[in-house]
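Have a look at the structure below before the remarks.
Labels for the chains are A, B, C, D and E, by order of writing; each one numbers its residues from 1.
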Amino acid sequence: ADVLKIGISAGLTGYAATVDRAWRDGVQLAADALNAKGGVMGRKVEVVVEDNRSEPQEAVTAYRKMISSDGVDVFISGCVSAGNFAAAGMVARAEKPMMLCSILPQQASQVKWAFTTLPPAGFEVEKRFEYLRDKTQIRKVGVLHDPTPYALLQKSVAEKIAGKYGLEVAGVESYKQDDADLSVQLTKLQSAGAGAVIKIGLGGTTLTAAKNMKQLGSSMLLMTSLEDLAVFKPVSEVLGDRFLFVASPSQVFDALPESATRTEISKFLEPWRAKYGDRDPNWASRGWDGVMLTVAAIEAGKSAAGPSMRDRIETITGFQGTTGIYNFTPENHQGITANPFVLATIADDRVKIVQ
Amino acid sequence: MTACLDVRDATRSFGGLVAVNAVSFQVMPRSVTAVIGPNGAGKTTLFNLISGAIAPSSGRILFEGTDITREAPEAKAARGLIRTFQLVKLFADLSAVENVKVGFHLRSRGGLLAALLRPRRVRGMEAAIERRARELLDLVGLGAAADLPASALSYGQGRLLEVARALAAEPKLLMLDEPAAGLNADETARLSSLIRRIAEGGTAVLLIEHDMHLVMNTADDVVVVDFGKKIAQGAPDRIRQDPAVIAAYLG
Amino acid sequence: MTSSPNIISRKGPDLRRVFPVPAQPAPRNRLAAAAPWLVAACIVGYALFAGGYPATVVGFALIYAIFVSGLNIFMGLTAQVSFGQSAFAAVGGYASAILTTQYDWGWLPAMVAGIAAALAAAFAIGYPTLRLKGHYLSMATLAIGLIAHEIAVEWESVTMGYLGISGIPPIDIAGYELAGDRAILIMLSLCVAATVFAVSRIRSSRLGRAFAGLAGSEDAARALGIDVARYKLVSFLLAASFASFSGSLFVHVVGYVSPEVFSLHMVILSFTMLYVGGIGTVAGPVIGALVVSALPETFRAFRDYQDLAYGTALILLLIFAPRGLAGLFAALDRKPSSDRGKGGTAP
Amino acid sequence: MTAAFRSPAVSPVAVPGPSASGPAAPVLAAKGLSARYGQVQALAPLDFEVGSGELVAVLGPNGAGKSTLLRAILGLVATGGEVSFQGTVLPRRNPAAVASRGVVLVPEGRGIFGPMTVAENLELGAWSLGGGRRSRVAQERRLSWVFELFPRLKERLGQTAGSMSGGEQQMLAIGRALMADPKILLLDEPSLGLAPRVTEEILETLGVLNRSGLPVVLVEQRAPSALKLANRAYLLSLGRLAAVLDPREVQSHDQLAQYYFA
Amino acid sequence: MDATLIGQSLVSGLGIGCVYGLIGIGFCVIYNASGIVNFAQGAFVMLGGMITHVLLVRGELPYGLAILLAVLIVALLGVAVERLVVRPLWNRNAPMFVMILATLAAQIVIERLTYLAIDDQPKTLPVFTDLPPVMLRGIAVNMQSLWIVAGSLAIVAALALFFKTTRTGKAMRACAINREAAALQGIPVHSMLALAFALSAGLGAVAGIMLTPTQYTAFDIGVPFAISGFIAAIIGGFGRPFGAFLGGLMLGVTQAGAILAFGAGMKTIVALSILLLFLFVRPSGILGPAK
């Protein structure tokens, strides 16, 4: 065929919507950029997007449609883990690689075909712990997490490594993405003596947590994980400098020193800003990475056949992406191996790196 | 001969209002007993106490010599005590004949397995039920309406359907709450003869009625209640003459 | 039937003369009754022919058809409300998933165990819950559905939480794995046929009449000797076992299970199928499941407007076919009327 | 006892003599009125008239279409033909608008508001009279009049209507209709479930109301009592008009039966 | 566990409980006027916060005016839902459950339209009075919660008066009980229905506006709130505004208690189980007639 079809199963509606919409736009942006340069090995890139409503059953249908009706060559799918898991068997049978924004499936036969742009769970936690150790007197922290797999992973890492940073996890509390009130959890953490809340999980609940902390008259720090900047602006209005967050390089681009990463980001950020203004670039830049990694694999193998792509992705090392450097191996399908994150805050409406 | 139904000092109050006050009477097999009385006298409440729809505050109810005071309505029905309602309670979505077929519940057997496997025995039973249901509809004069949904019946037709449905359960005691309401004189006369035949067939009948023609022509025994109390009981002719009854009710 | 004084056979006056009744409606047209089945068969037939994506969509629809048929027993035949059937689908789904992946059971014993567990759960839950009426029953069942979902999320050691359980083997028959689209579709069609057979048998049996009786009027049903509490429970148990069955089928077909599968969304979707298809009819759940599953797929091309189109289409369907598609087919034949007794529902 | 029940709110109107052929100037006139439920025709086209001050009885066996006729006048069912009241055509399928013109129906099955109290039911009966101060005074007067008619209602003002006995509910349904200051009163079997004495009283009251100028349409199974009061009687059978009778000519019950089953 | 922690959790539970109650009240109003359970109620709650936000931030209107306008707009939208969705069904004598289902579909449509018209980012509103929380023996009582409590109590009282004493209120109830009989009294059934939708949509908007300053709002927050509000309304004895309010408090407090005692993971499981047990004892809610 003379087009390269990229399939995206994305939760355009439902709980994953914010992330997956950005991811989709990043993938599309990359495809447009490639097409502007004449495509990949002379083939135009076409993106097929299907909404999985953030639900596994819908995801299976979406994947099935893209495999059998659209004949896509490779999947660069969003962050709905359950959906990607549910379809993983089918995708493996169809011998199509998938480059994900979610964590990897569990079955060995399925992991074989799946790769992720997601950094290891510990990275986001480590950054926050470093800051507390180096810049504050706080030695007790509370963990507030949602029940998604990635958040649970981060939580257990946090419990495990806190000691290494001289910190104590004074309490662990959970919440659901649609909770309307987090004050009881926050009260519990506060009365356990926590000086900072490590919040793990996405969505508007960060805003709720901030509001609740203010209402409780609490003096704890709120330290959240990676998230859309649009959420953080109102949070910082509520909590001011008591609010810190993990940021990926693209989110703090303007404060970034000159580096290979910065150059790479600017390749992406230029068209992104032209098209979307100051919309948060984080997830989109990962989608961009996903496409560029795939293209690298195709060009290395001179083929867009599924097995060839899969084999080549496994050998990609030292690939400079917008989020960090990717090193895949047959044993490790999680490409980012060095912590690319920074800790940031918002002051005077501008993102500032604090560490 | 033991009484079919023996009501002893049945009493029920709602808040301060004593709707049924120490009412006692008996219903003999093969007889027709009528309960009459002014509006709000407590007749329907009395029915509800007997049929188990509500529990009495005190008093006892005996059916064929057994105390059934506190039994649930379905248990009483299983003993053969079947009632109709003053405000018809039909299964509106079902056709007339299906309504009657539900009435055969106690007279048939079979659960899930019978439904799924439908053995010969069950098929025979179903055919018999279908046939007899239509016969019953013919009997009350609704044969031609058998396949209409119950919701499409007129008020009077609905009352007759309820009677047919109750008959399907082959009651030992049939309790009818104002069966003639909404029927005209001829229809009432026919109903009266139907009730007589039911009684002669061995079923005791207890009925509430405001239509004095029906009561006088049908009942063997009349119980008169007023303000929850029984004020008279006796044969229709005697009741018609009773000054207390005339004052309270007949006017 | 027991014999008791037979009042029927005795000859009496011809009462028909006294109670004139309008002529009966013409007997129902067979074609109208068969129409929903024909449409359903066409859809399944097309999916079998086309395979791939249509087969997946129709396959899920058939699994839903079983779930909704069970729901129809409880809501359509018995006129009760349950917002919590997803709980029993979850019991079936997780039983199959856990027993086959952790304990290496075969799919059949796992499925049977799932149904047994669902029955036990339904019995324990139904006994106190079914005493509630109307909206109170809705809320109680809603709570049960939500609780089941939460348990699936929180009981990580068993259910793996949101991570889900993968690697669930497909159904195999005599060593032959049903993994292809068409094989699965045929197997599911047979399951649906069996379900439909069971429901139609139940509907026209003594059991079904008892359900219809208590659906029409609990008071009248009790007065006729129908043990309302018992039959409600039986209906609930039946619905739960169909739900569990469909839950098991789902996990074997997809090979994966996670709590999202059994969310409130499932309940709402199944209600939609039930009403769009035609509640209380045998064909309704099947045609409803097929149409409602196909509907959003038809709107896929609308992208951002997909849900909008779906919601609007749903409203229009409900307005113009308030008795469902199965009812619509029947209406082509003879229009049922409901002008009377539309009064209101006293709370 | 009848003298006590003089309606305070019905203004006297000239009462023309009864005639079986139809009134000279009908208050209510239905031309070619037919009705159907879905596709089932329950009432074949018929002409139906009520003169000012007339009491018209509608008779017929079960399922003849009596209730359907009243429902058709109110526009509660799908109808054909035209109904006019006091010279203007009544809207179809908008019973509230018909009712607010003073066409008041006591429906079959009573239609009381079960969970509400007796007092609230009566108050809502007077809805179309408006909520102003003046109408409230008039309402009070009507209320005491209704209580005179049905003392039981006064005793049970605070009881929920649904828990009352069947006959009491029927009283409430009639009382509620009278609260509306009807310009024409349509009653569907008002004696249903009432004790003989109360039935007599109600029919008597209807007679009094009618003589003071209120047109009444009465569907009644007790044909003899209804015929005693009526100026004319429409006889329905199997959904069509079988005859229009002059009550004075219907001597015996047998004669009526002849019409019924002819 | 120390008393401050318990006290603080209780206060939190009561605060969020008021919100649930307020949403539950909206359910009661439509139910009382039509017998319909309106699951689009959550959408009205969401719209209250969202529209106020848009008017305040994009329209740069003063806060008070934005609130007033938002409530009005949402009330009008309520009428639109009645006209476009409920009335056609009503006129066709659709079964009650079909109407309920249609309100669910309406909820989807409103949600999607909001998303397309505004966006999917979480938003919030400023608190009504920007004062630090009042500290009572170490327990923080925040100002917005006081607003919510006072506001809901006022609304509950006003509604009780409306349904018990005014002609219109009684007529609305009559429509729900038996709409044909209501029409026969001359009650304009359709207008009553429209009014009920306007009223409950407006109430939903008020709930949304009062609660948004304590958390976030987005186009998709409606459903969870609708569920909590529905539960509150049922626990209270369906159709009784004050009951719904109490039911909301009960839900809020049991949830807070469950988090305190068993952790947040068990919140829903424990709280709903307790409420279920409660229903088994009182099958028609707090204010429903006891069995």
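General observations
Note that a contact is a pair of C-beta atoms (placed from the backbone, for glycine too) under 8 Å apart; a residue touches a chain by one contact, two chains touch by 3 or more.
Values in this document were obtained by computation on a predicted structure and should not be read as measured data.
Path length between subunit B and subunit C in the touching-chain graph (shortest route): 1. Taking the mean Cα position of each chain as its centre, A sits at the greatest distance from subunit D.
The geometric centre of subunit A is 74 Å away from that of subunit D, both derived from CA atoms.
Subunit B and subunit E have centres, each the mean of its CA atoms, that are 47 Å apart. Look at where the CA atoms of subunit C average out and do the same for subunit E: the two points lie 31 Å apart.
Rounded to whole angstrom, the centroid-to-centroid distance between subunit A and subunit B, based on C-alpha atoms, equals 73 Å.
Contacts with at least two other chains are made by residues 145, 152, 156-157, 160, 186-187 of subunit B. Multi-chain contact residues of subunit A, defined as those touching 2 or more other chains: 147. Within subunit E, the positions touching two or more other chains are listed as 177-178, 180-181, 223, 265, 268.
Within the complex formed with subunit E, the residues of subunit C that make contact are 81, 128-129, 131-136, 138-140, 142-144, 146-147, 150-151, 153-154, 264, 268, 271-272, 275, 279, 304-305, 307-308, 310-312, 314-315, 318-319, 322, 338-339, 342-347.
Residues of subunit D that touch subunit B in their complex: 37, 40, 59, 61-64, 67, 108-109, 152, 163-168, 170-171, 189, 192-200, 221-224, 253, 257, 260. Those residues of subunit E lying in contact with subunit A across their complex are 2, 4-5, 8-9, 12-13, 15-16, 19, 120-124, 132-133, 135, 140, 142, 144-145, 211, 213-218, 220-221, 223-225, 228, 255-256, 259-260, 263-265, 267-268. Per the touch definition, subunit E reaches subunit D in the complex via residues 167, 170-171, 173-174, 177-178, 180-189.
Those residues of subunit B lying in contact with subunit C across their complex are 51, 53, 72-74, 77-78, 82-85, 89-94, 98, 101-112, 114-116, 118, 122, 125-126, 128-129, 132, 135-136, 138-149, 151-152, 156-157, 160, 165-167, 169-170, 186-187, 190, 193-194, 197-198, 201-203.
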